[in-house]
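Note that chain A is present in both complexes that follow, paired respectively with chain B and with chain C.
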Partner chain A sequence: MTALNISVKNLRELADLINTVVGEAKFKFDKAGMLVRVVDPAHVAMINAEVPREAFVEYQIDSDEEIALDLEKLKNVLKLAGSNDNVFVRKTNDKLKFELGTVSKSITLLDNSIVTVPKIPQISSESFLVISRGDFERGLKAAEDVSDAIKFTLSPEEFTARSASDSEDSEMTIPKDMLKEIKCSGTIKSLYPLEYLLKFVKSIPSSETLKLSFKDDYPLTIEFNFGGSGLMKGLFLLAPRTE
Partner chain B sequence: MQFKTSFNIPASLCIKCRSAKNLCGLSYCPILVSTMVKPKFERQIRNEVSGSSPPSVFVGRFGYPKIKVYPSTPPEFGETGSYETPSEWMKMDMEKFLSMRLSMLRGGMEISVKNASTPDSKLLDTQLLSMASKPVDMEMIFSKSMLSSKIVLSEYTPPMGPAAPLKNISYGNVKIEPYVERAFNDTDLRAVRAIYDLYNRGVDVSRLSKILSTGAFGVKEDRRAVPTRWSITAVDKNVSDLNLKTLKGMETVDKFEVFVRKTGGNLFMGIMAPGNWQFEWGEAWFPGSTWNTWGSEAEVEIDYEGFNGRKDYPGIGGCYYASRLAATEYMLKRKRMAIPLLWREIYPGFNLPVGVWYVRENLREMFNTRPVQLDDIESCILYLKTQMKIPVEKWLSRSTIYRYLKAGSLDRYIAA
Partner chain C sequence: MPWSEKYRPRNLQDIVITDDLYTRIYSWVEKWLSGRPQKKGLILYGPPGTGKSSTAYCIADSFGIPVIEMNGSSQRNSDKMKEIAGNAAMTRDIFSNYSEPNTKPDKIILIDEADNIDAGRTGTDSGGIRELGSIIRNTACPIILTMNDFYEFRRKNGADTVISGSDAIEFKQYARRNDNNSKNFRVKLLKRVRDILAKEGKSLGPEILNDIFERNGTDIRAILNDVEAAASSSSPTMSGDRDESSNIFRSLESILIDRDPVKSLSALADKDFTVDQLLLWIDENLVDVADNPADLSSSYENIAIADLYNGFVIKKQHFAFQGYAQEIAALTGSTLQNSARHFLKFQFPVYLSRMSAVRDSREARKSVQLKLARFNHSSTGTISAYEWFFRLLAQSSGQEFSSLASRLLLSEAEARIIGGK
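Moving on to the complex of A and B:
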């Protein structure tokens, strides 16, 4: 029998995060914890989230398990609870039962064979920077009504995010001493679709920091921790757009 | 009544051509149109006209919010429904279509758009007329003779028949489907809701925009007359928005589907690409077509939206939403999400602004044909390249979605 107890806040953050790219997702459970990996239908953005068993208040599984869910339904159930509550979740046959204090509610599981888990691309880049989520979001928001793409440039001196259309442009420049960390030997640049970045950044809490790595015309990787204790590990991948 | 054209075509050319070869370069023959229109006005029409209205109502936009509403009818009785049905126009040649549109006599009345919520009897009659499902026998009395009005065929104004100020209007039985009448009588029902409910019951958007234009739908105190041009786009946009709501969340097509449709003076092309909603509509106007009179080479314009839609009105205008409607209709029928890239080339000689219905209906027809299925965007472009007349680079350099499809996926980083 699978039975879990987790803080509502953590589960809500997870649901919001993966809901930025998909509507349905498959959660995999094993001894180490839970893993969910999703890709949007156009295969532009991917999210990989790992929730170790320590992030749960209670974590009981008999064997490896897969649970496919409609995220909208999950989010609706979580709306019934306060942020400081814990939710007790139990799987019975084709249903998932949630107990939230005085309220209990169950939702139907999706057929595991319908929801596929994507393969993870082979991506590695040497250069990276660590930036606060707040700073990063400000640069994206500046570009929001300018264009649908944003260009990142990283040099040993600074990180810039630039966007331009025929009539308008926006630019954010952060010198290296305002970045939390930086590793870069030459100058690299790449263009990314803005829409995915904005949705992603909005879904994670403002206190977190983000580690961005990329190279010339290459997918962007963002590593981050989330959840109250920072125990949950996330990875966001985004395909580049060519000019 | 005079019939004029704004073109100077040498008579010697017409004598050689006799409307058979389109030597003047137009996509229709002005002489033929004129000879088709004239007999309809043989009976001298001065201060009154009677006929079967298809039904037809035109609402002008000049002077907004004080505008003119024109109920109209051809001077003939019987089955005139095809005068007002875009899907029927598709089956006609250009001359027949133009002669029909030009023979619609229009009686104009000036109203304030707000009058639609408390219509006087003339406006109320016009609202009922706009809802009719069958042609309505009617008589209009004008306060000025129709004889002084001209029929003008020009590349700058849509083909419309002559008009005179309306003094009185009377008509016979008006047949309205009960569900349409209910929407009119329901003064708590929002116009958008009424439109979408009726659309789903099979009422075509061309009728819905006509009803919307007379201000016959909506919450009572908010009812407004809407200029025809705006009402057409309002219906195309709102219906396609609601279609999209159903589509978002559906699975996507698994291969690239390519469509082509050729018409007199136009080429329509469509790619339905796998992926979550994005959309583009592009037009290439050749020199000598309606909106590229002065240029020396074809001009390409593309408007685009991402998954969450647009915040502003597309520069390209109403055709954007007419094409978006046709695309969502196809996708709903197919029960699949896709990324539509829709392009149109407009060739020299196609120089009458015929209206956005031309785009909507041609694309509907195009989507009724069997697509070519291909594996990637490059193969689609290679295929379309053989159909199009402008250099393919012109399209590709303007297309955001093409660039996105070409490089924007993580797939190529996944080890096989």
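Moving on to the complex of A and C:
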């Protein structure tokens, strides 16, 4: 029998995060904890989220388990609860039952075979920076109504996020001493679709810092911790725009 | 899983498509291998089950790149189009091989059943087709569109930019029976079916296969379904044609060109258009078919009678009259003494295209009449008889007219219609 108890806030944040790229997702459970990995239908963004068993109040599984869910339904159930509550989740046959204090509700599971889990592509780059979530979001928001793409440039001295259209432009420059960490030997730059980044950053309010790595015309990798206790580990991959 | 799904071709060796058609499609693909071509889209049109989508998958497979597919009606408004096809068109694929230089497209976007996309006249939605047009103009990767009815699609709102940015290829395996292409098709089909039968450990005699091939034409999905059914039954014999809904072109051909009354009637048994449309189409094309005036006159007489019965449906509120209208219309061809034997391209009824061209102004007129009728405590019929008054008012005293317009909350278009400008 699979039975879980987790804080509503953590589960809600996870659902919001995954929902920025897909509508349906498969959650995999094993001894170490839970894993969700999704890619959006346009093959532009991928999210990998790991929730170790320590992030659960109670974590009970008999064997490895897979649960495929409609995220909109999950979010609707969680709306019934307050942020400080815990939710008790139990799997029975083809249903997932949620107990939220005085309310209980069950939702139908999706067929495991129709929701696929993608492989993580081989992506690695030497250069990275660690930036506060707030600073990063400010730079993205400045670009929001300018263009649908944003260009990141990283040099040993600074990180800039620039966006331009025919009539307007925006730029955020953060010198290296205002970054939490930086590793970069030359100058690298790459262009990314803005909308995905905005949705992503908005969905992880509890994350404090983001580790961004990329290189010239190469996918962007963002590593972050999220959830109330910061125990949940996330990875966001974003393909570059063609120029 | 049915065989037609299980053995959906995954590479170019397996797909049943004539060399000729393959060459034409491949020449579009080749342009993509040397930079961005002018025609960034490829429209494949033709009947269902012939392998249009499979071809897209096989092309992608031959380059080892993924297909980003959009289908299903829920994904068809302009927002969804932008979100999936738009993003995919402007961005590299996350699964692309980034250790190699980016010289070739790293994915193919497939818009399945593009003729079902919402042309969008509702609310703020600017229409999925219009959006698709701008995506094709700006895309960095190849886009393949499949559709059954290219002619229907061509008349939709915003379809012109889609078409001007694309090569359109009719997915027609061969023009005539026994031409070189049809032989080529037959050879490939037979090989593919035998391969599948061998993999399943079954066999079927040549007469049965022949029977199945004859019956289904180029619909490979239907062929595989029949082959599967025949191979799994103990006494594999079947006869009778597959039910197939007939489109307007096929029906017109049987009514006006072949002129066999029995066949014409049966062609209408399962039609995907209405009797009203049928009458309009016959009306439009009759003049090209009938060679002499006497013929023309008698056949117009005939559809006039059919139209009369069709009118009875509304007048008498009895649907059964439509049956008479349909059968009389089906006999139009057999009243002809001589007729054109040469190839005819059936024309779309002018009446329908004119009506759709003035649709906006008709609707504006209707709504302004309603507003005026309510204001004057009269019927819209009365208002329409006194339209000259408002036009005169607008011409002689613009101020009075505009105060009336603002009082009735007329939109600009409505004021223009009633003001006669």
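The rule we apply is simple: the second predicted complex is superposed on the first by the 241 of 243 C-alpha atoms of A that agree within 3 Å, B and C clash if a C-alpha of one lies under 4 Å from a C-alpha of the other, contacts with A are read in each partner's own complex, and residues count from 1 in each chain.
The rule is simple: a contact is a pair of C-beta atoms (placed from the backbone, for glycine too) under 8 Å apart; a residue touches a chain by one contact, two chains touch by 3 or more.
It should be emphasised that the depicted structure is a prediction, and the values quoted were computed from it without experimental measurement.
J.: State whether chain B and chain C clash or fit side by side on chain A once the two structures are superposed.
T.: clash
J.: For A:E126 in the superposed arrangement: first (chain B), second (chain C), both or neither?
T.: neither
J.: In the superposed arrangement, which partner chain does A:D30 touch: chain B (first), chain C (second), both, or neither?
T.: neither
J.: One more residue to check, A:M46. First (chain B), second (chain C), both or neither?
T.: Both partners, chain B and chain C.
J.: Pick from 37-45, 109-117, 145-153 or 181-189: which stretch of chain B gets in the way of chain C?
T.: Stretch 109-117 of chain B has C-alpha atoms clashing with chain C.
J.: Considering only the contact definition stated at the top, list the common interface residues of chain A for chain B and chain C.
T.: In the superposed arrangement, which is not itself an observed complex, chain A uses residues 39-46, 119, 121-123, 193, 195, 217, 219, 237, 239-242 for both chain B and chain C.
J.: Under the stated contact criterion, what part of chain A meets chain C in this complex?
T.: 39-46, 118-119, 121-123, 149, 193, 195-196, 217-219, 237-242
J.: Okay, in this complex, where on chain B does chain A touch?
T.: 249, 251-252, 274-276, 278, 304, 306-308, 311, 337, 339, 400, 403-404, 406-411, 413-415
J.: Using the touch rule from the top, collect the residues of chain C that touch chain A in their complex.
T.: Contacts found on chain C: 66, 68, 70, 83-85, 87-88, 90-96, 98-99, 102, 107, 140-141.
J.: In their shared complex, at which residues does chain A touch chain B?
T.: Result: residues 23, 39-46, 119-123, 145, 148, 193, 195, 217, 219, 237, 239-243 of chain A touch chain B.
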